[in-house]
Every structure is written in structure tokens, then in C-alpha cells.
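Chain IDs A, B, C, D, E and F follow the sequence of writing; residue 1 opens each chain.
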Amino acid sequence: MLIAFGETKVLCTATVEERIPPFLKDTGKGWVTAEYGMLPRSSHDRISRDSVKKGRAMEISRLIGRSLRAVVDLAALGERQIMIDCDVIQADGGTRTASISGAYVALHDALTHLTKLGKVPNIPLIGQCAAISVGVIHGAPMLDLCYTEDSTADVDMNLVMRDDGTYIEIQGSAEGASFSRKTMDDLLAMGEKGIRELFALQRSALGLT
Amino acid sequence: MLIAFGETKVLCTATVEERIPPFLKDTGKGWVTAEYGMLPRSSHDRISRDSVKKGRAMEISRLIGRSLRAVVDLAALGERQIMIDCDVIQADGGTRTASISGAYVALHDALTHLTKLGKVPNIPLIGQCAAISVGVIHGAPMLDLCYTEDSTADVDMNLVMRDDGTYIEIQGSAEGASFSRKTMDDLLAMGEKGIRELFALQRSALGLT
Amino acid sequence: MLIAFGETKVLCTATVEERIPPFLKDTGKGWVTAEYGMLPRSSHDRISRDSVKKGRAMEISRLIGRSLRAVVDLAALGERQIMIDCDVIQADGGTRTASISGAYVALHDALTHLTKLGKVPNIPLIGQCAAISVGVIHGAPMLDLCYTEDSTADVDMNLVMRDDGTYIEIQGSAEGASFSRKTMDDLLAMGEKGIRELFALQRSALGLT
Amino acid sequence: MLIAFGETKVLCTATVEERIPPFLKDTGKGWVTAEYGMLPRSSHDRISRDSVKKGRAMEISRLIGRSLRAVVDLAALGERQIMIDCDVIQADGGTRTASISGAYVALHDALTHLTKLGKVPNIPLIGQCAAISVGVIHGAPMLDLCYTEDSTADVDMNLVMRDDGTYIEIQGSAEGASFSRKTMDDLLAMGEKGIRELFALQRSALGLT
Amino acid sequence: MLIAFGETKVLCTATVEERIPPFLKDTGKGWVTAEYGMLPRSSHDRISRDSVKKGRAMEISRLIGRSLRAVVDLAALGERQIMIDCDVIQADGGTRTASISGAYVALHDALTHLTKLGKVPNIPLIGQCAAISVGVIHGAPMLDLCYTEDSTADVDMNLVMRDDGTYIEIQGSAEGASFSRKTMDDLLAMGEKGIRELFALQRSALGLT
Amino acid sequence: MLIAFGETKVLCTATVEERIPPFLKDTGKGWVTAEYGMLPRSSHDRISRDSVKKGRAMEISRLIGRSLRAVVDLAALGERQIMIDCDVIQADGGTRTASISGAYVALHDALTHLTKLGKVPNIPLIGQCAAISVGVIHGAPMLDLCYTEDSTADVDMNLVMRDDGTYIEIQGSAEGASFSRKTMDDLLAMGEKGIRELFALQRSALGLT
């Protein structure tokens, strides 16, 4: 599926693999992992295929995997792995949060298919997850930053939440600055509101409402 | 300098380089960057030199650089770069936060030296920074997790703060779970208390008290 | 632009770069080069990002570049380079020929834009090019093979032609077999007919008819 | 064996390996594969070992393997693999076609040896193959281009044929130009004549005439 | 353990692994291997992590392994491997010889531990080994060169010896020069005297005297 | 030129490059460097191109360069570099010493050519160098070991000498053993005798006698 957040477009797919990482052998549990990539022409300036920022891509890949595992019942999934691919077709800020929100939909599709095949009795999901980026621009809190906003943000926060209102991941970061507790509280409130809207959009995309 | 947090030991050094990254050319500003590595025998099980987790190391390297830049006056530093090396000699949890806290001391030393050489009029620092890891173990908030605790933690949070009480970075993460707002508030309070103690230790190591 | 040939979908983009390869320095001539890639999930079976067939990708990249250079007036282009990116979103046979046919449209767009900016007086094109794959399946010549057909083909031929009826590239290949002159003549005739249809489609996509 | 075409010298060897690629497991069939390399000093200008054109080498390796497989009875070969190494000692154009023609002789030797060892009842060959390069230089068709001719050729064609007059591979390519059907027919006729002479030379090298 | 030779400091550790290299499978014999590395800040000028001299590190790694294997009873060790890690924390000449002398102590410790665990009946050592570097500086033989001396040495010799007075390795090398038999004899005599002192220091570090 | 020592065959070439390594910039001095490689089929068992022992190749490359620099007047050579390529076509022990002895001849040829071109007034050589391997097989000293002997040798010694009887390099090494001073003296005497014969062969190959 293709998820679009403003000008940011990410292709998210899920592949079921009948194998698991070695450390899960004979535990009866499954795994969810992810790989994140950007097409060379996705960015404002063309990114060279060779000089792609591997470290950043791996960091985001691990974040996507961790976020999804928080809502999957790995024991109910059984000894198989869901491989999520998130490939950014067009980037305008917030690619990691768009990837998580889109990956959830792809994951839901794949797990539903697995259920229909009779491989698992019920969809092995224990919650819904979505992510959003919030930040402070020229002193004002803003939702879902686009690239121009993102690169001039004083504070940048990525928030991954479950539909029960708990947090899966909070990454708040200031470049060349720092932020107060008050600012953080404001960003968390604004982010939660945005994520609630995403939950509704995900359910709609999945035909669940 | 060698920083030790319980059984975790990190060698932190700072090198002054009279060159800057291309994007700072002719801006009059300097830069602080970092590289993080682990010796093969630093971990409980020996890490193969080949299979070192490159992505994780780059993620931590970038976190260290970002944290330090938040307390450096880059314009006052001038067109030069401080390269921080953090090499983990022995690992028992919290290596990234130990690296940041130790790197600050190495950075302070290097900038003091630069000042003594007359290359900058005053130490170009606008604050002090330190980092700590906190987490929830079997439901109870804990400070400065060792490896056994870290790997069984429900929630793991890394906190980087300035001495004026503001945040530079918050990374809260749940593996296979999620956490409530109440838990987060408790962790932030506990973390801040621990960081205040680190500030005192840093000042003492620098002979400033 | 996204080109679709049956189930094969390729994203083709062109980027103008104000630099040229070293061997063209001070010749007044420009260059056209290409990079071809496949998304992991584009294929019937997921392709691992690591084990991507680098040799094959580079071979196709060079074919795309060579094909386009045959219709560009490099002297009129001036000392700049057009970088073509072809990324396969979905693959069902014929990805290299679809890439060439789509890349021509992206190239035309980029050169038109350059002309509008006044950087070149006229669109520096000396012809139109398109490509098609033909083959022999169970003894019968077939146009534009899909993946199932491709992998069982006795003979596989890729044809790149100009609109004046001349050939830019002919690659005829038999896997575990060989083919007669008669077969080759039949394939060339069929291929030319198909390419003529592509020329019309390209002109229509460019709004030239 | 060392094959020399004018100033081009290629060392061709064949190694029998009692293992096959995974996709042939339990099919009873064997495989022929090839690796092509150039010594740094083989070329007019020394090639750096690091910057060797990997993509080109892999493209040629695959062409050599494909060409030889067209004349081998893979079922009669049984579950073993022939690995062909073609290393260019001195290059003066036509290294890929010289490699194929030489590799056939090395392959024939290896298969004869296998037959003498009693591992296969008869030499598992169903034909003879050789390759030649032809091209158009300043408007005139030419056989077996040397390097100076090759780099100034308007059209460059590599032809791989069987001794029954059928084609295994045709690669016709124009750099910055295109060619007519008439030119192609002339090149095919000239190439076939040259390949017939190579067949005689191969048989003589193998002591078969 | 940390070994210090003047300003040179090397961290030497030994890890027992219950696996052996493939070529020793079912021979009943064990193996000793080593890996040598330098921290970026160990040298007078910071070494970039990327441009680390891999070839030199592998050459030294193999020398360390070879030296230690000469004093180990591999049959008595049984089918297990001792992996030695030598990481240079601070370098001031003679890092390879310091590594060997220190590695012997780490090896002795690991083998003693293995004996205490009852995995081998006796410490499987058949001798003691140590290494030293000697050289000619401005015409005069010198022991244990520091970096400034090393880089200006006319002749540089590394000597690895056993406690029975036999040689395990002699590497004598002249940069841009050559040396006479007389010089070599002088260097060997001086080196042996220095190594005898190292044997005493090793025994003392191991609490054996 | 192709040098053959028994069954060992090495292709040695020298390339003059009008550039020097950065550390020699503006010193007026030149440099000699070398690269050593093995063809996959040179060894008794085919060596995979991927798993080539890079560390060993780099170690030998550096030995060849160092050996030749000891007989070149780098100041008289001027600011240019001689790049030596040694590629083993067939290996049967002693490839590194054969490479050095052959490389000297290639070097002499290149420097003679440079002199004829008038770029240097005289051949910038201050001596002749050659290398040999000697060893102890079943207790008996032997000259110029072939592969079978080499792999069962108790002691293996590589000797590089100048024609004035001085040593450029001595590498004596015992695998799983050690050797006495008496053995070393015997090996040095035997090696020197062999090298004197090589000096005569080199002069003859260069047409100097």
C-alpha cells in the first residue's frame, strides 16, 4: 500500500516468511522486522545510491520493527516472520512516522490473509499503532512537519502510540538547543491528538469502519 | 579519559581538527562529531569484529555528537572540529549514556586546552550535559540499568539533559510493550535526580569544585 | 513518471546535473547516464536488499544510458549530465525494455524543461527511442513477454530502436539452446511493429500528438 | 590454455566441481558457470585493482557461462559443475569473444578428462561454439576489432554461434549512433565466416583434425 | 590484561571457544588464533576508523597466532579454540611485540582457568614465549624502540623466542637500506637479553615466581 | 616478464606513473610500490575470487615494495612512482620470493626505458636484489621449497639480499615449533648460495652478461 502524508509518499508492503531469526528457534514465537529505504529521486536533491545514509536507514528500520512488535501477539503468530518493506517514493519530512503508520496497515492486511488461510485462528494483533512527528518551529508547536519545517525545527519529536493511549516510543531531540518540560508536555498533547486521527484513517483504509 | 558506570567502562577522547564538514565552509562556525565503537571482548559474549552492529554504532555516534553540540557555542569555537571517540572497553548496560557523560569531560578538557593555546578567547561552552538510562524492571522504575536489567526491562529510557534542567534528548522505548504517561513522568523525575549527581561528578573530575 | 507494461511498473525520473564525467571535461559535450534498481518487493518472490544482483543491475543501467545517448545531441546539451533513475516497483518481465521506453519520456521532459529555462536553445534530441522484448515460447514468436513467459522462453530478444527504423541495440540470447536466422528475422519484424506502437504512446504521454 | 587473438591474450581454465547451484539440487542436471577477470597490467593503461569495472566483468562472466551451456548436455553431465576461469593477460579488443572461444577448448578438455575417468559415458557436448566481434569502422565492416578500432567503432557486434549455423547470442550495439538493417546483415555474414575459421582452429587445438 | 612497554599500552584478552576451524574437524586438536586492532586515538595522529590499515592488522594478527601456537600443545588442548584479542590503547612503537608478550600472559590465564574447570588435565603449554623489537638507530643497536626511534630506524627487527633459547620468528627488515651479517648478530644478541627480562616479568605477572 | 621457479610461474610487470604518494610531495623523491595477486586457478585447489586471502596478499605486496626500494636511488628517480604488479599464474611454493626476483628484472627494464627517454640521466639503481625461500624438511635444510615441501616444513625462511652480500629482509618462521641458532646459520648460508645463482640468472635475462 502507498501511504501519503502531505507530499511524503511511502510504499509499505508486508511479506510472510516461514522462517524466524535463530534466537527464536523452538520458542514457538514469531517475529516482525522491517527494512526502510529511500529511492534516489525521493528527496529534494537526488541522493546518490552509493552514499545513502546506511546508519540512518538501519536506525529507522529498527524503530519500525520495534513499533509493530508492540502490537503483535508474537506467540499467537507462531514460528514465522513478517518482513515489512518501507520504501520512500517521495520525501517531504516525517518519513519514519509515515512508514510506521503505513506499515501497520500492511501488517494488518498480511495477518488477515494469514488468518483466512487458516494458519492462525485469529488475527494476532493486540492493538493498533500509529506514529506522528511534532516539533517547535520559531517557538510554536506544530504537527506533522514538512521538510522545510523539519530542517529548521528547534525541537523535533517522533511519537509512536497505541490505541489504548500508551506510548511505544518517544524520541524528542533538539539540534543545537534544548527544550523545557512545558514544551514537551505541549508536544505530547498535540501529538496524541494527531495520532487519534491517524487511527481513524487506518481503520478506514482497512475497511473496518 | 576512562569513565566507569558500575561495570561499564568507556574510553572517551577528544581530538581537535583544524578542518570542518563541507556544509560549514565559510560560515565561521565549528562542529562537534563523535564515533562510538566496542572492543570485541567488551561484551558478555565476545563480539565478532566483522559482525559488529554497524547501524547501532552509527545511531549512537550521532546521538553523542548531537548531545554535545547542544552545549557548545559553535560560532565561538570557530572553523574547527572536535572529534570525540568513545570506545567501550567493558559493557554492562548504559554504554551510550556513559559515553555522553564521559565525552562531555573529554570535550571540556579539549576546549580548555584550546583556550590556553589562545585559539579561542573563552571556553566555548554554554552549558553542561550528561546522560543517564532509566527503566522499568518488573514494574518498578530503576536508575542506571546494568546489562541483566537492561535486557529484561519493560521500558528503557535514555535521557540527555543540560544543567539548566532542559532536555536535549529523550528516547523512551518499550520492547514488546507500551507504557503509560504516569510511568514516563516517574522515569523523568528519577532520571533528572541521577543526572544532577552526574553533573557534580563531572565537575569534580574536571577539578572545577 | 510511472510506466506500466502489463503488470510491470517502473518509476522513471530524470535529474539535470551541472557536472560531467571527467573524460568530457572541456569538450563542450554533455552526457546521459542511468541507474536501475528493483525494490525488494517488486518481484514475485521478495528480493533481499543485500543479495540484489548487482552485476545484472549495472548491465541494465549501462544499456539504458547507451540507448538514450543514441538520440541525444550531446554537443547541443552542453557540459551537463542527465541522470536517469529507473526503479522497478513491480516486475513481471521486460523490466529493462520498459525502463528504456519510460526513461525516454522522462528525458524528454527534463530536456524540455531545460529549454524553457533558456539553458539550451532547442530540445537537444535527434530522434525518439523505445525498446521492447520479444521471444519464442514453445516455438511461437511472442511480443512483450510477461515473467512466466520470459522464464520459459527458448529465445529472448531485447530490441532498442530509433524512430527512423534503425537499431540502437539488439540483444538476442538463447538459454540452453540456439536459434536460426529465420527465427531472428521473424522476431525483428514483430519487435519493430511493437516498437512503432510504443513511439505513438510516448508521443501521447508527452502531449505531442 | 592460453588463447591469443592478435594482441589479445586470455588464460582459460576449466575446473570440475562435484557440487551444483542450489536450484539444480536433485534434478540430475549439471551446470557450467564462468568468471572473467582482467589483470591490472593487461590493458593499455594500467587498471587499478580496486576500481576494476565489476559490473562489466559480471556481465561478461554471465555471457560466457550462457554461451557454453548452449552446447553442453547438462543432463548427461550429471550433478556437477564446470567452473570456467577466463583471465585476460593482455587486452587489445575482443576480450569477451576471445574468452568464449578459448573457454570452449578448456571445457572440451575438462569434459574429455571426465569421460576418461569414467564419470560420464560420453563427452556431454551437443555442439561446438565460438564467438567473434565485428564492427563498422568509418563506415566499413571489419572483423575481430583491435582496441583502437573498437573504441572508435560506430557499431560493435558480438556474435556467438554453434557449428550448425544457429545463433547462441547476438549483441549489436551502437555508441552515440544507430545502424540499419543492411549493416546488420553485412555484419552477420562477415561474422559467420570468421567463426567458421575459429571452429577449425579449435578442432586443431584439441587435436581433433 | 593491559601490557605497557614504555608508552605503548595494549589490552590483551583470551576467549575460549568450544569450536575449531573446519580443517581441524575430527583431528582432536585445538587452535590458537588472534585479532589485532588499534583504537583511532591510540596513535600520535588520530587514525580514521575507515582508513585503518587492514593489511597490516591482519599480518600482525597472524604473527601473534603463529607465535602462541609454537608454545601450545594443540593435541592436549583438545578440539577448542583460544581467541586472543590485542587492542592497542596507546601506541609508541613495538605494538606487535608488546601484543605477543602480553598475549602469552592472557593465554596462560585462560589455559589455567580451563585446567581448573577440569576440561584439560594439565595446562597445555610446552614453553613460554615473548617478543621484542630491536633496531639500528644512527648506526647504533637499540632495544625496544619507541615510535620516534622506530620511524627513523635504519634496520628494524622483531624477535619472538621461546624460553629454551630457540627462535619462533625473526623478522629483520631494512627500509631503503640493507644490513650486514655483523649487524644482525649484534641485534640477535641484544634482543635475546631483552627477551630474558620479559620472561621474568611474565612469570611475575602470572604469580609464578 | 614471466618468471618460473620450478612449477611456480609469476607474471611481473612495472608501470611508470608520473605521480607520487602524498607524503613525498615536494621532496623531489620517487617511490616504488607493488601489488601481488593470485589467479583463482593458480593454486592446487581453485581459489574462490571472493575468499582470496586479502591480508596475505597485502603483506606480500608490502614486502615486494620494501625489497625493491632498498636498491633504488629514490632521489635520482625523481617525483615519479614505479608500480610493480606480480600476478601468480601457477603456484607451487615460494611465490613471494619468485615475485621479488622477477620484479627486480621488470623494474630494471622500466628504469632502463626511463633512462633511454632521457627522463633520468642514469639508471637509478644502487644494487641488485633477489629473494629465495629455504626451509627445514624432516630435519634437513632445503633450498627453494615446492608447495608439498613448504606445507610440511618445520621452519620456513624467506631471504631477500643485495649483491653486496647484505640483507634487505629476513623472515624466519616456525609453524608449531621453534628453531635453534645453528639451524638459522645453516639456512642463511644455503640461502645466500642460492641467491648468488639468481643474481646471475637476472643479469642473463637482462642481457647484461
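The criterion applied here is as follows: a residue touches a chain if its C-beta (ideal position, glycine included) is under 8 Å from a C-beta of that chain, and two chains touch if they have at least 3 such contacts.
This is a predicted model, so every value here is computed, not measured.
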item	value
Both-way neighbours, i.e. chains that touch chain D and touch chain C	none
Fitted rotation between chain C and its twin chain E in degrees, CA, nearest 5	180
Proportion of interface numbers common to chain E and chain F (over half same, under half different)	same
Far-end chain from chain D, centres as C-alpha averages	B
Distance from chain C to chain A - Cα centre to Cα centre, in angstrom	35
Whole-Å separation of chain centres (CA-atom averages), chain B against chain C	50
Multi-partner residues of chain F (at least 2 other chains)	none
Order in which chains appear around the ring, chain C first, chain D after it	C, D, F, E, B, A
Chain F residues touching chain D - in the complex, by the definition given at the top	11, 13, 15, 17, 35, 37, 39-41, 46, 49, 83, 85, 87, 89
Chain A contact footprint on chain B (complex, rising order)	54-59, 61-62, 66, 69-70, 74, 127, 161-162, 164-181, 184, 188
